[in-house]
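Letters A, B, C and D name the chains as they come in the text, with residue numbers starting at 1 for each one.
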């Protein structure tokens, strides 16, 4: 039962960490919005999906890569990858702002019930995914390989691959940037202030609408970055990939303590590892079941997730 | 910013309904049922659904969506728990039917109770550990549960895995009604019957204790708990009832579709049903029915848009939620009701009370407005205390109606009346003497609580937190009444004046809307009376409505907004104090001598 | 006239919470609004600071109608509110909380140190707790922090909502003393209080609010002696 | 009328003979008779691309037919969108079953939707020819899913494909160590079972591991770990091409050189396109597509429909033609159409001979082995 885990432990762990970092970034999309609005941004999964398409469009249509082209090298590689990342973040960020505008703003101004907002968000996520489905004829889209997946070295029998390394380090860097932003920047402080006490924040001269739009934007940027890494590692997308990713990332956010940025970090990594280990030990068909059982157990003992709720607890 | 209700369908409907007599109501109900029952014959009309046959669409998705939405509405709408795994109960019902139907000789109606029971058991098993979670945490856990059920079915051999189960038997005929493949009207009628039963069940529960408990939990779970609602128990109940409806729907669905597979029970179904509930008007039965009907029917009706219809569906959701966030037919709002009901918290209409040959009350009409102090006076034996006893459910009136906050009184148990928001003090002090003042009030705060068995059994940490919060609240009440300094003394050892005030504090402990004070100033000296008057006014100012029996005229004239005078079971005056005081009949019957004599 | 509220109506849903109230606050005054729970006092403050939209009426500040100005912009104009109860940011340190008060000031860098010193001078306790998270302060300290933070915005009018709520008697006296001190530095104060005794002693003028209506307006010292007011709000009872 | 005939002749010269027969049978001035066929499959939702491809082929067949026989028949297509979902199928099927104007159904595309639809079509005596429902039980009289007498299919079943796939995957490997995994779908799980059974008949081959991966998975690291631990040199995936493409890339990137093989779910020219170089050498079983079977027909298709033919194009086209021939022979009731189909014997556009067994399967087991070479799946001939 455990022979796979033992035999391939380090390969699995590296894969789990890479996947985990992608979860971390998508979780941030959920957690940021939850922190300020106390609402699940149900459309975040589709924001992610749009980000993945942004990544592919950049390499395929702007830089003209195809499935058969050779991977990029040198400065060109950096340029293409960076453009892809920016495009993915821009697409996702703008989509997130659009979502806020269409699905949330009016309802928030009215101060109506949370469920209406939830359904509105579900509606917009149906719109986003259906739109993409119609645009792509329900077909999967493969990504040209831009970053060659060179095996850098072998550690304890595990291949250390370039794309995995890039993903882990770049995603971690983006996470820490974001955490710093929320902790130290003026806008970040405003976001935290709103998440702790909306009225008091207003009384300090914080423009609530701007803060909320920024929060969606920042969450969208993180989610978009995740879209880029996802494409770099898996090189594939389809209009419906958001659903699985969204569910996993949301689970990760809740595991860590939704609304808590650091919680998204640990929750994402934890979930990434849990998924690969559980798949290796029990079989992939029981992966989701294991994840949800662990989630229930965690919540039973820590009803606000591993790291407690809300952005407010990210103290200096 | 005012939110106007432009298409006020609910009020329109409610208006007709409320004005109707009993016979008219029965007629309206029967006609509606009949008309809806005739729907399967409307396949050729504008209602027809292209491609899919109309009668089939009426059964699924429309009928099933309505049924499931009503079930989910108990969970989401009534008690405010966000459940994203409702499909699990539907799946459990369906698989029970499929497995038992294909392996045993049992028919649909025999399997139905088993399916319902299994769904309910699943509801309890899921509910006990998870329903302590709030809001979005509960949402993700229920979502997980839904997925677990689907994945277990998908990956197990007893359920035939992804292949699903085919050849599920149709239900045997009921009398002359035969279930047919090509014409599904009988299925539709059965779904309708199940919907009606569910509506009946919800309505019954809603006007009774569980409904109030759910309402309290939905609005403020902590407060509900503080008022003595065993929230976990009621949440599990709500969950389990929802599960039962889902299970029943599943059994019928399997028996109708003849084939089921795990892919039919995805999260999308849960989300869709939730959308039906919120879209129609969460918490409002008719709203939910309409929402589910539209969302079930719409995609089939607009099949001509073909591939883009889901897109249209999404847009419809966003637009409707943005412009009618409470759904098409919103739930009744409390404040609305207050305005509609003319501010009367309590209304006695033509109440007669006979004991053997003695008529204690004779056609008494009495209205108590919200937020007022109403004094009820009259000579001994005039029927004042009888009025209290009728209101609090000690007696049931011989005839006439008593309406409290929109609920008709008369059949409730006494504690149920208390739960509705009526508290009283006693003329002869009836404190729990061997409890401290504080304990007296705490006990009142959890007077609503029935068992707490589950909590006690599993030793939830909340129980002790709850205890702490209750204590805090009791202190607050004592402070409010001004006797906090006596909180740790046994009630029986308190000075008389303090005991009287403690009676009031204890009454407030039950979080009443209406406080009945039975001669609160009995035995007080003038100084104490002044103090009491201030206290009673304070109680009123804090938002309670006060109905008081008192003999002390200076007290009554000083604090009452209105005075009602009874004599021999008949109301002889009802006006502001200064007018009543000068009413010759009152003077003759009661005061005897001009006021200010006491 | 610093602040004028004209025929203000406010609704919560369909319930009218403020039913046509007019209040005037002159430059340099302490004006207090007293009244029972639910009389609408807090609502009044929230409409002045912009947290709650009004149904009709006007709020005039320095001669300008600000009824439609959003809350965060009113701060720039010089209106600052120390909210009721725990209106602080619990996850931020005391210093961060105070710095938030400068969130929108143009010369925030230049003013920061000076104003911090002023606040520390008024509330030496805050200086001791500068690195502590707001949520871990005691009730009295949180109240100080809320007031201090409001002062950081350099208000012309300071709105105080129940500063004495939940405080021990000794602390109450202290807070009111500081309120007077703040007033002496030239800040106009609109004070909402349950503790009518203290409020009337400190204020220049007072309004009595009952279920959304002004029932009385007078010099504070007169109200202290008014028997009806004494009975209703100051307690004629034994304690 | 003569001019019209001539124009028709000019357009489709190949149809001249058939047309002559038909023309002789009808009276000179009769208006064309409108008849209805249906296509049932996923036309919206996540599986829509499969359904759209199939329906395009059906539409093409009808277009050709109507052009040829416009004087006699006007065949109209009813699109029945079941989203590939048995729940939706249960709602649409009653309507189709009742609508006696519809003489035959090409489809349903998916086995689950087929099973859910069957009771209604059986009751209506409506003949079905599915281009892609491969579940064995559909033509197994002992199974509750049995579709007889109305169900037919022009696609070979999993129990024939399983052994073929096992053979083709291990071709040339004397001691193959095989790892089999599926995507948890109702198509892949049974096929994996038949592959496993088929492996037992392959000399020297052994099954060293299995897995079952949700069809939404994109991270195959755990499966690859299992493959490596098991030491497999052949990996068979019984799911669909899009996941296969993601998987094979990851497998190659992990450094594994194991042979990759898949069934007709993977058999799609999109597979090597999506997977790129990683697909090189992959072994797929399937039945020749239009492009492969008849490049000329493919060109005509693209010209007429504006898009290339897609998955199951040949099967869908042939299935539609069986019905169209029945109509042309004057069978315009359901019973007659059904009888005609049951007795049918003919050759499809790809050269396949169609003749249905009593249970609705086609005779013969024409699976070919394909290999991915330079981004194209090349037919290496029938698997023996």
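The rule is short, and it goes like this: contacts are C-beta pairs under 8 Å (C-beta built on N, C-alpha and C of every residue); 3 or more make two chains touch, one makes a residue touch a chain.
These figures come from a predicted structure and were not determined experimentally.
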Centroid-based (C-alpha) most distant chain relative to subunit C: D
Pair with more cross-chain C-beta pairs in contact, given A-C and A-D: A-D
Centre-of-Cα separation between subunit C and subunit A, whole angstrom: 43
Computed distance of Cα centres, subunit D from subunit C, in Å: 76
Rounded Å distance between subunit B and subunit C, as computed from the means of their C-alpha atoms: 40
Distance from subunit D to subunit A - Cα centre to Cα centre, in angstrom: 38
Of all residues in subunit A, the ones touching two or more other chains: 285, 288
Residues of subunit B touching at least two other chains: 1, 154-155, 307, 310
Contacts with two or more other chains, residues of subunit C listed in rising order: none
Touching residues on subunit A, where the partner in the complex is subunit D: 3-4, 7-8, 11-12, 15-16, 19, 67-68, 133, 137-140, 142, 144-145, 149, 151, 159, 161, 163, 230, 234-236, 238-241, 243-244, 275-276, 279-280, 283-285, 287-288
In the complex, subunit A residues that touch subunit B: 34, 38, 40, 102-103, 106-107, 110, 112-120, 122-127, 130-131, 134, 247, 250-251, 254, 258, 285-286, 288-289, 291-293, 295-296, 299-300, 303-305
Of all residues in subunit D, those that touch subunit B in their complex: 43-45, 48, 78-81, 85-87, 90-99, 112, 115-116, 118-120, 123-124, 135, 137, 143-145, 184-186, 188-190, 212
Sites on subunit A touched by subunit C in the complex: 186, 189-190, 192-193, 196-197, 199-208, 310-316
Contact footprint of subunit D on subunit B as seen in their complex: 49, 51-57, 60-61, 102, 154-155, 161-167, 181-182, 184, 256-261, 263-264, 300, 303, 306-307, 309-310
